[in-house]
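Scroll down for the structure; my scribbles are underneath it.
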Amino acid sequence: MTNKTIRGVVPPVVTPLTETGQFDEISFERSLNRMIDAGVHGVFVLGSSGEVVFSTDARRREITAAAMRIVAGRVPVLVGCIDTETARVIEHAKVAQELGADGIVVTAPFYALGGLAEIERHFRLIHEAIDLPIFAYDIPVCVHVKLPGDLLMRLGREGVIAGVKDSSGDDVSFRFLSADNAAAGHPLQLLTGHEVVVDGSYMAGADGSVPGLANVDPWGYVRQWDAYQAGDWESVRREQDRLADLMRIVTVTRGAFGYGAGVGAFKTALMLLGVFESNRMPDPVVALEGENVDAIRAVLQRAGLLDEAGNPVPPPGA
Amino acid sequence: MTNKTIRGVVPPVVTPLTETGQFDEISFERSLNRMIDAGVHGVFVLGSSGEVVFSTDARRREITAAAMRIVAGRVPVLVGCIDTETARVIEHAKVAQELGADGIVVTAPFYALGGLAEIERHFRLIHEAIDLPIFAYDIPVCVHVKLPGDLLMRLGREGVIAGVKDSSGDDVSFRFLSADNAAAGHPLQLLTGHEVVVDGSYMAGADGSVPGLANVDPWGYVRQWDAYQAGDWESVRREQDRLADLMRIVTVTRGAFGYGAGVGAFKTALMLLGVFESNRMPDPVVALEGENVDAIRAVLQRAGLLDEAGNPVPPPGA
Amino acid sequence: MTNKTIRGVVPPVVTPLTETGQFDEISFERSLNRMIDAGVHGVFVLGSSGEVVFSTDARRREITAAAMRIVAGRVPVLVGCIDTETARVIEHAKVAQELGADGIVVTAPFYALGGLAEIERHFRLIHEAIDLPIFAYDIPVCVHVKLPGDLLMRLGREGVIAGVKDSSGDDVSFRFLSADNAAAGHPLQLLTGHEVVVDGSYMAGADGSVPGLANVDPWGYVRQWDAYQAGDWESVRREQDRLADLMRIVTVTRGAFGYGAGVGAFKTALMLLGVFESNRMPDPVVALEGENVDAIRAVLQRAGLLDEAGNPVPPPGA
Amino acid sequence: MTNKTIRGVVPPVVTPLTETGQFDEISFERSLNRMIDAGVHGVFVLGSSGEVVFSTDARRREITAAAMRIVAGRVPVLVGCIDTETARVIEHAKVAQELGADGIVVTAPFYALGGLAEIERHFRLIHEAIDLPIFAYDIPVCVHVKLPGDLLMRLGREGVIAGVKDSSGDDVSFRFLSADNAAAGHPLQLLTGHEVVVDGSYMAGADGSVPGLANVDPWGYVRQWDAYQAGDWESVRREQDRLADLMRIVTVTRGAFGYGAGVGAFKTALMLLGVFESNRMPDPVVALEGENVDAIRAVLQRAGLLDEAGNPVPPPGA
């Protein structure tokens, strides 16, 4: 397994819970298999939408072990090792390594105030301690700092990091990073995390995408990737328009906010699609209910994922 | 003149100054003619990069009057009426109307703290007072608020605004706005202000672009637009890559920041290209000089706009 | 007039409007006289709460001229020359100088992005152009940058600025600035703009305060200042507690936000106290009404400024 | 032990490390004893400056157990249970409870995006799971949300939280909170975390302070508290001025930022004072060295904590 193999559609896997808040491994298996059957090129467990920061160490181990067992080498597995500072991240990374992960995903440190020197040293220390490809996770909305392009390129050229998962929302920086990466011989695999504008990232030369919405509709993102590989931009764009419309599940609800609206909508959609048993959220977030569930059902129907009676429509080619 | 005609490439016109800080109408004319000859579809004077907030009322009038005289109806002219609150914006808008502008561009109020209700009322009051199409200018980096999509759509459906100039950097919102606009019968003309990722905005269905870099290379953006209209996405993308590389003029300098680095680079490039007499900046910003000018020259040479001797290369087809 | 004379209680004067939005000079005179009679040590017109950014150039001139006529040398008059960039500020400052202002108040530039070099040059250029003491207005909530203490001290030691009006809310920086100023021989007059914690600023060595709430209750702030001068800290604190309670007029309303809630409450209180004819706000802000007016009335009654029937209680010593 | 006993000076205890990054229990004991001997009224371990977010679960347990053994009931011990979301906080809180903590300190959730409803539920769920007084830690600079006063009062009146550690820097809100708390019968103990303006917080009615600088000079903060209790405001203020000058240890260095400059300076001062063996910082932060150490030594000498030869000066009354 080399880092070159991390490309294409790599969904950040949403973590199902039982009604009482336990890890629902049966639903997890159903969802992973559904995505792999649809043709995704990798999976990313314990990402932001995989409720990594809601999970205790024991829960994190449970989820990673289940993922490794279920995926069983069919596609690469990235594991999010997301925590406040270096020692804690290394602790998680050692567990991921022990369990057989193909790579880890690491953010900048957060909570304590620091500067770019600390961020750079953070990645270097983790690289020294761990023998796995590291993907830098650029997610300023959560860690409140943007990873600068020149820092990422330096770490990439020196082999400290193998790639970048870009959830910065800063498409200008992503474009420059992509150009710099090409000029440097492509040391980094560049993945975009913005499911609504993946087409633009592909235009910028992205090596893949990490769309949360691919938990709901993995086929769409795989078709889009195939069209991209074939140079069929009109299909890339049309598929994106369709997926952007499906993404309205995160905006049609009322009273929810942030994680509760976003991952809450993914879980609710997966419940309506028969993939998850429950849309239970991790504390302190509450699950969507009532009219919010109805609103999400309507979007799924409009997108053709549910029929008029609310039953899941078999996937393409099934 | 209806607002429907505002589409395509509409550069925000950089304002040249003499060495002593006066408005340099001769360079302004040279630059406007160069852009119109290259085929741009409109021009936007007194935008953020047209130094509107650095300009006194007298200077604003001088610039607008010169633009109207020079353009002489060849393309539509949008005029930025950018100021802190309603009464001051209306004052500028009346001058723009008197001088014959084809539309005005207006931001949310800034400096005083307010909410969405004040923003909405601001646009409505200006619309009541002025008989010109209004483009809402979404530029949170300057006014510190993002214009929400539902607010823009409401103002668009009711005819209060005719379009949006999006410099928000929020491509997800732009995608949703574009879809909502299409569903509502296209009441708004949607223009993107991000010169580095215009291709992604075109994929999202933008009606045009407002690229500051088109002051430097209008031909490139016009070619890209033509490719977009022809459905030739590979050319759209390739042209974008070339323009993104040219945009490095704003990142190769040292010690400059914000307006001084961005518009400073545009002015310096236009000076090196023989379009401007000087790269003088408005107070309190200082002009780029020395090694920073050299660095910009090198980018222009790499992009083929200057030859090895530093002389401007004639435009395509000249 | 030297800058040493700007000390004590210097209210930022709220600007009354007529029901139709004109400047209400009669109410303005009533309010100014009421504050001067109460013993304030200066007045600051066209501050943030004096609706400077809502006012056209003509309106600004009208307000300044009226203030100079009414005050007639009884106390020093500071005039806010608040605008986006250098040339526009100098234009306002020349009017203030022409009309006889005793000093001007100037913020960092805003809207266009810049850095500390531009801020420093901004103050220096204004100082070169104008022959009046300059107070640096530190108000990051409006201009989105904090003026650093070392920059302020450098400008103070060199005579570029005469003082600071601190509305930063950063009391740690204010403490350090006060200590640095004392160590440097007190080149700066340091005024706090936070009406709710003036006692803490006096503990830190402030030379005065600029409390918006002093428009409503000038006597309280004057008593507090006198207690500070006498070293009677218990009275300073007790008066502050009383004034903090009165300040609830800005938090008891519903549905208003920012300027509309804050200055809206001041105007409403002044209307209820018989000082203003109307609580009309500048566009696009709407005036408080209905239950919000009732809520403010209740606070004024609790504070003893209105009697049970809602009639103004004569001031102490009247 | 009731929450009423948490008042006075409660330093957030800085955690010493050996040169190789292990927990230095000997220095920890020396420092705790020094503070208790000086008369502090409680201690707070595993706060932000106690490197809680840099510490693995095992390290957190080690620090808490050592603190309980060393303090041995002489003063109350608060333990920081600071982590991203509810389940992880409860896990830490159970350890604190098991080890005998007198109270826990909990921030709002961080990293994942949420709203006020999630914050409120977070505190309620922890309260249900744990049988210890909870102090809400208001530290927006780290968790990027300000705890609203009405939320804190509601949780206080219902017995969910026992107090607030305010590191918000928002003294206006603190004043209002203090008044609301008094009006409600004082359900909350209000502690300020801003060591430079403790005098202002005492004027606002604070029940105590949590000054990081009290690790360096506990006597000063105890004297200030005693003066506050005696109503001797002039001494409160004079002591504050002295302590603010000592706090310059965090600003005299160059090249360090955030945690590295702040806690880095505390550790360096404690090393120079002979309390810590090393000023080693937790990864990825590097320790201050060279001229930065000299600069801190000079401040300690100016403050009389070191003599001219650099030797610690015996504490008052020793």
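Every chain is named by a letter (A, B, C and D) in the order it is written, and numbering of its residues begins at 1.
The rule is short, and it goes like this: contacts are C-beta pairs under 8 Å (C-beta built on N, C-alpha and C of every residue); 3 or more make two chains touch, one makes a residue touch a chain.
Values in this document were obtained by computation on a predicted structure and should not be read as measured data.
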Repeated interface matching A-D, over half of the contact pairs identical, chosen among A-B, B-C or C-D: B-C
Length of the line joining the C-alpha centres of subunit C and subunit D, rounded to whole Å: 35
Separation of subunit B from subunit D, taking each centre as the mean of its C-alpha atoms, in whole Å: 50
For subunit B, residues that touch 2 or more chains besides their own: none
Chain contact topology (line, ring, star, complete or other): ring
Contact set on subunit C toward subunit D in their complex: 169-172, 175-176, 179, 194, 196-197, 199-201, 203-204, 231, 233-234, 236-237, 240-241, 244-245, 248, 251
Subunit A - residues contacting subunit D, complex: 48, 53-57, 59, 82-88, 91, 109-115, 117-119, 121-122, 125, 141-144, 257-260, 262, 282-286
